[in-house]
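Pasting the structures in now, so scroll down.
Both complexes below contain chain A, partnered by chain B and then by chain C.
Coming up: the complex of A and B.
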């Protein structure tokens, strides 16, 4: 990894371009990171960021929707896009000889025509996607817990929107949102892998110099959780799917590494406290704790799915684990185990340019910082129990908003919860 | 490309196949054991599913916690699962930790404690996995489709069946393990930052004296219904379609893969264009190629809201039928670009390569080189694909739907 180089330039219109060039890689990955998502939407346009992500694939002045699909396939690209609460990312990975065509295509797509007939057709696909997620209890629970936890704060907005909000969305509303949000101050172009950097900059410059500048800052006021309990009863579902959300360090915080170590020790998929206390004895099919970081907010998210009969016991065990960690921190041997596990994970996911692209882009978007793989490993190794204690003091794991989706009624769920409190 | 392939077959029938990759710090292995769902005794489907959990609960000199903790401390990412024919174990770690990881796995595979007092926990988890499947219609449809499409025992649900999971005893699990735990037919595929002589010697030390065990033959039995509907209260209807094609080891494999790629490779392929882009019927629609030793299959999926399910099924079947009538040169060129870039990019991932070398060995008894695959892909043409489809046309369909209402099956040209 010795020959890896970081590069950055900024075009006169404000567009930033960064790259991690690795001449030994076999492929190159490019991403257009747009700093916009569900939290940047007003209520009347809920779902527009994600719908717009789909519309970007529907073509520009130069390309029809079918042209876009065809050209990606002609260059054998792996590509996709995703929308979250605060980012919309378009990415592709290709063999190095196809990089110029990939850049030309992605850059052109980022100036979409938003044609009316494409808009109407794609609306049907989005409504299908909403239908697909409605059949997934974990997704239903995720959307509900974000809404409950953040309340009126825009981080509680649904990424997909609802059938109603998407159904009534008009093309002109999307165009206005695009004009406001897809400005150069909100866009980062990033490349990783076998990239001819001067040529890459030339290509992006040619394609993007006319993009409008300007700024549309985000409403990034801090958010805290509500701490409520919300039960969604779906009799057709067999398991009870439960999400617990607690506040955690925001993306800007230097404590995010400690937060990551803490959640891995307490709630990784294997070898963690939740694993040994809930999954290993067969009380829950899955039980995990994850850390999610946002602008000005963070969440510790606990998920478990289990037979409804085991609900009370699982809640009691989680409560006991979080109380014990809050009082006594994680043990030194747990800290070492997590560091060993996480260091290897960083190396494994970084071997492909595709795996480097997302950390490269997000480190810059959130913190304007470039970090090598070794930087990440070094910081990880330096996390101490004192760091974790500081996180736990500021963000106790048990200050949770609770959402359950499953066969239990509100009364049944609350009585099982109360049984825990009494015992 | 200067990657190197190695293999060694030990006297007991255990095969090690490896690929040394330049420029990676990791090493990964995929261990294929002939102990998949097909080998579960009749009516006892799920013993393998329970065993793959139980063997990690203490092995060799380590108790259950030590197994997990020691693997974590080696930085090992792992996954294991029961498949149709194999139970497979996958692990990836830094190249420097590979042999230490294999040492722990030799205990897990050959010397598990199989503790009686853990059986209830294993059972509870297996039953909850079955329960979770009911909440995931997009996964359940594949279990239902496979169980009807493949001849018994090759389509048996890898998660097992409720009655057997509920009644399996410790004694029964121990006996099944004794029968399944054998060197003959096991394949260890390794890829990444490896030192071949050291790896071969280590594997010899760890698995070379493993008894070969019984040679258990799987006989094909009857298959299930060709069309079926499963009632399910949901927003969307799930549609699963399968039909036979040539196996991976067949000389026509690349033509079969080419045909599937024209049908459903990238987003300019037939299914995505006709079902999603032109009609907006679905969010997800695709087809992919799968192979057992003697038979290949194309498996298609579409999920769509109930009112539009009939049209989705009709259009999907029409597109499957249309590929054999016309394939254009530009479609083949795109399929070639996609297939070539995916095999080259696979060369950046030790995990992907370890799975490939193990699977190649199982199907072919050798590993296909990059050059061989590239030249076979270069040789594809509209004629080669259409000629292939003339000899092996899509037919003998299995069509399963899951949703509130059954659909009409309107097969084209059958």
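Coming up: the complex of A and C.
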């Protein structure tokens, strides 16, 4: 078997660098994980994290936007970036010989110029993106259920922001946010695969040792949503899209593996109680339960989409499933089955450096923990029905905030929810 | 470095089994490659290959459609299937301990019951899929340009078939096609990754040794399209979608690596002459040149989509690029650059068993050849400008069949093509 090695150093300015070195790999992946996202934004700058992610690709003092694009192409990199409620991540994967150029490029990008003309042009792109997402009922439902569930807690913030907040954002506000959040204490540099570790550390040191330190810790007070029902009527769409959000273990909890096993058994898209009782009989197009983890909070998110005529039946079946699981737990055969499936997914996702990078980075960011693939599989295999019972007792699946987007009015939705209109 | 081993056996009934065994991998992938597709269909059964691919998931004598779905889920498989002009491929990837169950499942599926009620139900799904694809301008353009380019040659056949051909297809016609084409001489079983080779051969032998032999070789006479211009007017869409198809080296040609390097330099989506001269200045949304290989034929396919106002300018720029490349070849610096990019892609695609399966199977099907990742990189690095000049001499980029789908009428398109309307 391949032997991998975990490495870690910290630069004098506070920047942490970690690596999972695998001499047998044929590629190397690097990520700059910035511990900042929508939850770290004040109301007047909603959407700035995501907008800033775009601006990072527009160049630095040394590079224009064209240069950035051309250099990724020249080194044959696979690369991308994403922004969430809690993180902004920039990553690339290349052949080992191009690792120095990739590090130079990514590190330089992370000190963006934020040029005024690029800012104005990119603002239009973001506003179009917001418009496009607003046309997607599932996205509308996701943003609404997070807002309803978390209420005033900043985890309810929209990742994209609104047309208003982004439209009125000034370049200097973005610069102030960048200066405050993109400090070394909020950045982790991670590498996976065929990496010459001492050389890699040298490269990062050369590129990043002048980055400012200082702390801007997250407001990470715990959050738990309160149940409510919120209906957004969109007559022009055919299907009713429903999201149910319940509290779940936070990212810091040792129960996150049990939460994962539980949601896979109950709501995995490829075969689960929700699949066999809602999707397979044709009552719903999709019906899934997912577990999402955040600092100090977690969510069990149920999603289903269906013909409005089947709404009452689907809600009744979900309630029955969650009541049965709450009373009797999942069955031993379900537990075994789900462990097999989850183990296969861990391996199939992780077999190359690109696939190792995200678990490597996020385990460190959330828990300062290094875990091999085998660690994850061992922990997974040890999950017991008692562990799941503990999760269910603390976080019942049915304590939900409900949001629906679709053709039904508020009154129609509530009446079907009460089981009146389906008979 | 990892050491891989190539293996091959043939069963008495003619079925070939190949494997690339990698003891260091953590997963195993298996594919059943059936050498049959749209080009092997008579007009009255157009679409049968793709429809049959769907029916394979509907079960066998031993399994219902539900069983198939449930078993893939139980073994945590990642799996799928696809149909093209020349191949129908069924594959799955699992943890090594589930390889026996995956082989049993896939092999059993490959002897489908083709039950009448499943057939009738699935026909509706396929007809919906055809309708959905017909709404996509790029798909409409692809089918039309293949038909126009290949004329009466069966490579011009539609993979999906038409609503008419699929609508009137009978279950017995599918059964006859299955009996004729799914014989052992047209099937290759391939495995990649952590595979116990003797055990794997035993499993395949147990499952497949009763499969009928017999030969049904493909009508593989060479094909070369004749240039023509065909305009499909769709007033309701905004963009003009244009496909240009030129002959290129066939799958059997040693020049396919040179063809690949050429198209990457000229038309790669991430940075190339087409990208920098059409997409980057904002004249086209997309502009790419791809190389496709078939038995006895190949195509250089140019695609671009743009505002109709920019059509004339884009066509003029493409003509100028192709004329320049035809006269002066690509530059030495372009050649080096493209080799780096192509090498990176080969590695990044191939680093896990799932990624090795398709090159493994297709190299064998088309060329009875086993090639390691390093073989591909070595051949790629040896491509010279002379090789590219030879390809360009035999297959000029500008000998094209043209199809446009978009708001322009035939007369408008031709006038912009002639450069009249853009001034």
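Observations on the structure shown:
Keep in mind that, in the parts below, the second predicted complex is superposed on the first by the 417 of 423 C-alpha atoms of A that agree within 3 Å, B and C clash if a C-alpha of one lies under 4 Å from a C-alpha of the other, contacts with A are read in each partner's own complex, and residues count from 1 in each chain.
The rule is short, and it goes like this: a contact is a pair of C-beta atoms (placed from the backbone, for glycine too) under 8 Å apart; a residue touches a chain by one contact, two chains touch by 3 or more.
Bear in mind the structure is a predicted one, so any value in this text is a computation, not a measurement.
Taking chain A as the reference, the larger set of touched residues comes from B, when chain B and chain C are compared. Of the two partner chains, chain B and chain C are each touched by A:93. By the touch criterion stated above, A:132 is placed in contact with chain B alone, chain C being left untouched.
Once the two complexes are laid over each other on the shared chain, residue contacts for A:66 go to chain B and to chain C alike. By the touch criterion stated above, A:380 is placed in contact with neither chain B nor chain C.
Residues 1, 24-27, 66, 69-70, 72-78, 93-95, 98, 270-271, 280, 337, 340-341, 343-345, 347-348, 351-353 of chain A lie in contact with chain B in one complex and with chain C in the other. Residues 1-2, 24-27, 66, 69-70, 72-78, 93-95, 98, 268, 270-271, 280, 337, 340-345, 347-348, 350-354, 373 of chain C touch chain A in their complex. Remark: chain A residues 1, 24-27, 57, 65-66, 69-70, 72-78, 93-95, 98, 121-129, 131-132, 134-137, 236-239, 241, 270-271, 276, 279-286, 305-307, 336-338, 340-341, 343-345, 347-348, 351-353 touch chain B in the complex. The touching residues of chain B, when paired with chain A in their complex, are 23-26, 64-65, 68-69, 71-78, 92-94, 97, 120-125, 127-129, 131-132, 134-138, 233-236, 265-269, 272-273, 276-284, 303-305, 308, 330, 333-334, 337-342, 344-345, 347-351.
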